[in-house]
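There are structures below to look over.
The same subunit A turns up in both complexes below, where it pairs with subunit B and then with subunit C.
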Partner chain A sequence: MRAALAQASLIRHRSRTLLAVLGVAVAAAMLLDMVMLATGMRESFRELLLSRGFELRLAPRGTLPFDTDATMPGVGAITAILRTNPDIREISPVMGGSIHVRVGNRDVSGSVLGIDPAVQGDYQLLSGRDPTTADAIVVNDYLLGRLGARAGDTISVATGYDPQTRTYSGQRRLVITGRVKFIYGATEQSSSAMRRETLESMSDVSKRDRASLFMVKVRKGADAERVRDWIDAQLPNVTAISIATAIAQVDARLSYFRQLSLILGAVSLFVGFLLVTTLVTVSVNERAGEIAVMRAIGVSKAHVIQQIVIEGVAISLAGAVLGLGLGLVTARYLNAILSAFPGLPMAIDFFLFQPRAAWSALGLLIASGIGAGVYPAWRAASLPIAESLRREAIA
Partner chain B sequence: MSSPIVSIRDVRRDYALGAERVHALQGVTLDVERGDYVAIVGPSGCGKSTLLNLIGVIDHPTSGTVEIGGKRVDAMSDREATSFRLRNIGFVFQRFYLMPILSALENVALPMAEAKVGRQERQERSAKLLAYVGLGNRERHRPSELSGGEQQRVAIARALANGPSLLLADEPTGELDARTGAEIISLFQRLNADGTTIVVVTHDEDLASAARRKVHMRDGKVVDA
Partner chain C sequence: MLLFALASSLLLQVTSPAAQSRARELRTIAIDEAFAAQAHLKVGDTVTVSSRPGATRTADGSESGGDLLYSEAVIIGAIVRRGADPSEVARGDLLVRMHLDQLQRVSGYGDRVDRFAIATAPSTPVSEIIDRINHVAFGFKAYPSREIAVETSRTFQVVSRFHRAIGVITIVASSVFLLCIMVLKVEERRRDIAALRLMGISRSSVVRSIVIESALVAVLGCVLGVALGWAASLLVNWHYQALYRTPLEFSIVTPPIVAFAVALSLILGIGAGLLASLRLVRTPPLQLFGR
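Let's turn to the complex of A and B:
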């Protein structure tokens, strides 16, 4: 009966209820977006790092992967040391560099990764095959477009450009064997990959047997943090970064985003709370006589409060459900804008939908709906009945 | 002789009105016997409604005692008073105060739902009560679809929902025209004849004359019982 009374009471003022629901929906959408933003980038980054199953990354001491041009010498020696640890399952050394391709009278440049195709974790093959031979190269769609080439074409690739002598350290004709999507690649970034040995053969002697990065998979059930500590102890010129360490560093760099989103989320929640409180208070004041009569005929204070709280919760719930849909649409739009930011990996999402975030937003809104309804309801139900009836009669 | 259903002894009720202290009731003593039909009359502001509120346990006296059915009600907690009203007292107000969003049947069923009467029984009893007050064909109508007299009859049916031992009415014909008022007076007489104890507060001479007993009040006192 209480739910029916609450529902009927909301229907009685359809326009007002609808406006309140829309107001709460906007606040809910904002709240969901902010909750998604607060945790989305972090989770998205974590998923990105774990997408190929490499739990550890090794970079030159004091740097982050591909943060600088620094490289680690002695790929063979480092690999040999790493292989002595039974908890290490796979090792993927990666060498970074740049390539230049002559297309007509244009020079198209891009980045290149020297990898071991059997254990690489940098790209996803879209079509064709991995660069398993010495004359093979895979490229992303953006570079393919700039080259005006197709899979199967042969291109002339140069590396190690020296701006002083205007010469290249190596030049070679390579066959495009596949189209790939680079997992850590940014939008509008020309990227390619070839065997590390191929890249080395095109580089000058000083850059041979070096790697910009090692990616390491640990055995299932092994403690990645312990392996990281072991690598740090074994290889003094190397910084081993686990997912947890990387996340902590991302967290530190993104604390601004998180704080901003939490503040805006709290403001949205507060606006929603005020909206429902205002509506319920107005509604309760209008029905002071009605409430007094309900009390007079024997309806308990608790039941009057419940009915009014149900009204607040119903508005919050309807607004929240509508707001969640609205929030997802706006998040997608905002994500598209932010993801186009130069230099960011395409796979990074600023607004990552997580059911937990949605439940959190929904829970917060329902809690605020209850909070918004309780005070005006308690106040209305506590008014002296005789006094309320007398005032109502005078009014 | 059985004990009175309402027993009021030396009741005073003061309340603050701005800086002033109003002495609404000044030592009222009154008994109402079971099955009686009492009309409390007097000029506006004489304390009639205040007395009815005390009998209806929606207000507390400043001093004195109020017993309903042999039970002291003047110092009941809010919870006790609510439960007591639900099961023992029926209220009829001048302005009907039906829930505009509920049908006539649902309005009558409201106190029964509060008293945890099952849905089926509620429906049946509400329908019977509406038939009793002559609105058997208006069950599904909302208050806005009923005339004033019909609304008041729904309010009376609602007041009878939980079979109260006492029916209280505050100016029940105050909002009605003479013809409709006469219908309500007639309904009260029928109710009383069927055994319901009724106390009404009224300015309506016809309604007061229909009662078995008149209690005259003036300046917060009973001047003629």
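Let's turn to the complex of A and C:
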């Protein structure tokens, strides 16, 4: 009965209701986008870090992985110390560097990772095989395109290039054994990987037995934070970074987006609330006489309140459902804009859809719809019956 | 004028009081405010700089470790405030400024630099100089500063595009909101309008009066909105300048932005008023009375 009356009231002013639903839909879309932005970035980064199961990363003291050119000496010694901890399951040392390949008259450069193919966590193999032999290299599609090469081709790769004399150093002929996708690679980044021993043999003596990064997997059930503390105590020249620390550091760098999402989300919610309140208030004012008649024939106060609140909730709900679809479309567009951040891994999404985010946005909108209907409903139910009826008769 | 630049990552370690006794022989470096605050350093402190942990070969040639790179004891000669650089603002990097030869030695770079900055005389055509340099260059290339600035501010270009997109969504939302409010506001007065029409006031007069009213509301809203926007801009700058310790201005209210916002609000306000009033004057007055 209450729902039917609320429906009749909304249908009576179709264009007005439609406009209000549209307004709430835009506010809901913005709200969903902001909830996705606030939680998605962190979740996406966490998923990225955990995608290969490495819970800890070791970088030179005071730095973040690959944030500087600094490296850690004594790969063997560090690995031996790490192996003494029974909670450590797997260790993957990584050495970063750059490669140069002469293609025609131009020099094509890119980054290279020296890895152990058996335990690496930096790339996904798309086709071919891992660089398990000393003369093997795997590359991403972007570099493959720039080289104009295919898997199976042999190329002459150098680790040093002097642009003044146009001479290459550390040159060696390598076979492209596979196409890979680098998990932490940015868009339009030329990347490759080879065995760490191969990269060392092509580099100068100062880069031997060094690593830019160690990735560490801990035993199932072990406390990663405790292992991190243990590593910090055992290796004074190394900073151990856990997933939680890495997320906190990224949070600090991208705090602007979190604050923006909070402010815009609050504004969207307020705009939606204001719109529904205005609409329901005007609607109640117009129907003062009608409500007075209902009250005069014995309809209870609670009944009137419920009917008006249902109107507010119905507008919010319809707007929210429309807004969720609209929000997903705009989130995709906004994500495409932010994905162009220089140096940002391709796999990072600023706007990550999670059912929890959608439910949060929907819950907030319904709560604001109820809130928006309460005040006009209370005013309508409290109207003096006789006076309202007299005013209506005179009008 | 030529400027040489070399950038590298360094490690600083506070040296012992014994080393500080040699302070008069040491060279000076400058560090930025954030570094001084984080490492509790002040002008006059002696520190050891190196490019890698464990680098122990000192500038005088003595060697106490196996590393091939130098470390050097230096005095903090100045604490400097960093300039407003958009590309660095959110990174939280700590900066050290050293003499070029000092950094080349410590970082093991040798007689190398990352770039040369060239200041030209005011009347000199920069493009001609760039062409001449590139014609004779061997292993390097000259770029105009503007091109470099565009490349290094890519982060801010992305943020700017994102802001524009958010701005468009906000404009759409506020347009719908304004239209809705105006329709409700005009519809609320349908009995007044019916009375005016029955008294013989023409449709165009009714429409004009409503449009003038909505324009006045839009102007008042604009004044309030500009004041609110200006205050929000001050708040944003105050917050982020303190957060990132930078003099960079994050939000600027310029006359073109104000003009755009005012024009848009007026167009939307008047348009909404016109639409709502046209809808009402087309309805017969008795129907507006509910008869």
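Observations
FYI, the second predicted complex is superposed on the first by the 385 of 395 C-alpha atoms of A that agree within 3 Å, B and C clash if a C-alpha of one lies under 4 Å from a C-alpha of the other, contacts with A are read in each partner's own complex, and residues count from 1 in each chain.
By our rule, contacts are C-beta pairs under 8 Å (C-beta built on N, C-alpha and C of every residue); 3 or more make two chains touch, one makes a residue touch a chain.
Here the structure is a predicted model, which is why all the values come from computation and not from measurement.
In the superposed model, A:384 makes contact with subunit B only, not with subunit C. Shared-chain residue A:330: touches subunit C; no touch with subunit B.
Of the two partner chains, neither subunit B nor subunit C is touched by A:96. For subunit A, the partner that touches more of its residues is C, with subunit B and subunit C as the two candidates. In the superposed model, A:341 lies in contact with subunit C only, and not with subunit B. By the touch criterion defined above, A:63 lies against subunit C but remains apart from subunit B after alignment on the C-alpha atoms of chain A. In the superposed model, A:170 makes contact with neither subunit B nor subunit C. With both structures placed on the common chain, the touch criterion links A:252 to subunit C but leaves subunit B unconnected. By the touch criterion given at the top, residues 8-9, 11, 51-54, 67-68, 90-92, 108, 138-140, 154-155, 158, 161-162, 165-166, 169-170, 172-174, 176-177, 179-181, 183-184, 187-188, 191, 240, 243, 279 of subunit C touch subunit A in their complex. On the side of subunit A, the complex with subunit C involves touching residues 13, 15-16, 19-20, 22-23, 26-27, 29-30, 60-63, 68-73, 162-166, 206, 237, 252-256, 264, 268, 271, 274-275, 278-279, 282, 285-286, 330, 333-334, 337-338, 340-342, 395. Of all residues in subunit B, those touching subunit A in their complex are 49-50, 53, 56, 58-59, 78-79, 82-83, 85-87, 89-91, 93-95, 97, 99-102, 106, 109-111, 113-115, 158-159, 162.
Residues 1, 4-5, 8-9, 11-12, 289-290, 293-301, 303, 384-386, 389-390, 392-393 of subunit A touch subunit B in their complex.
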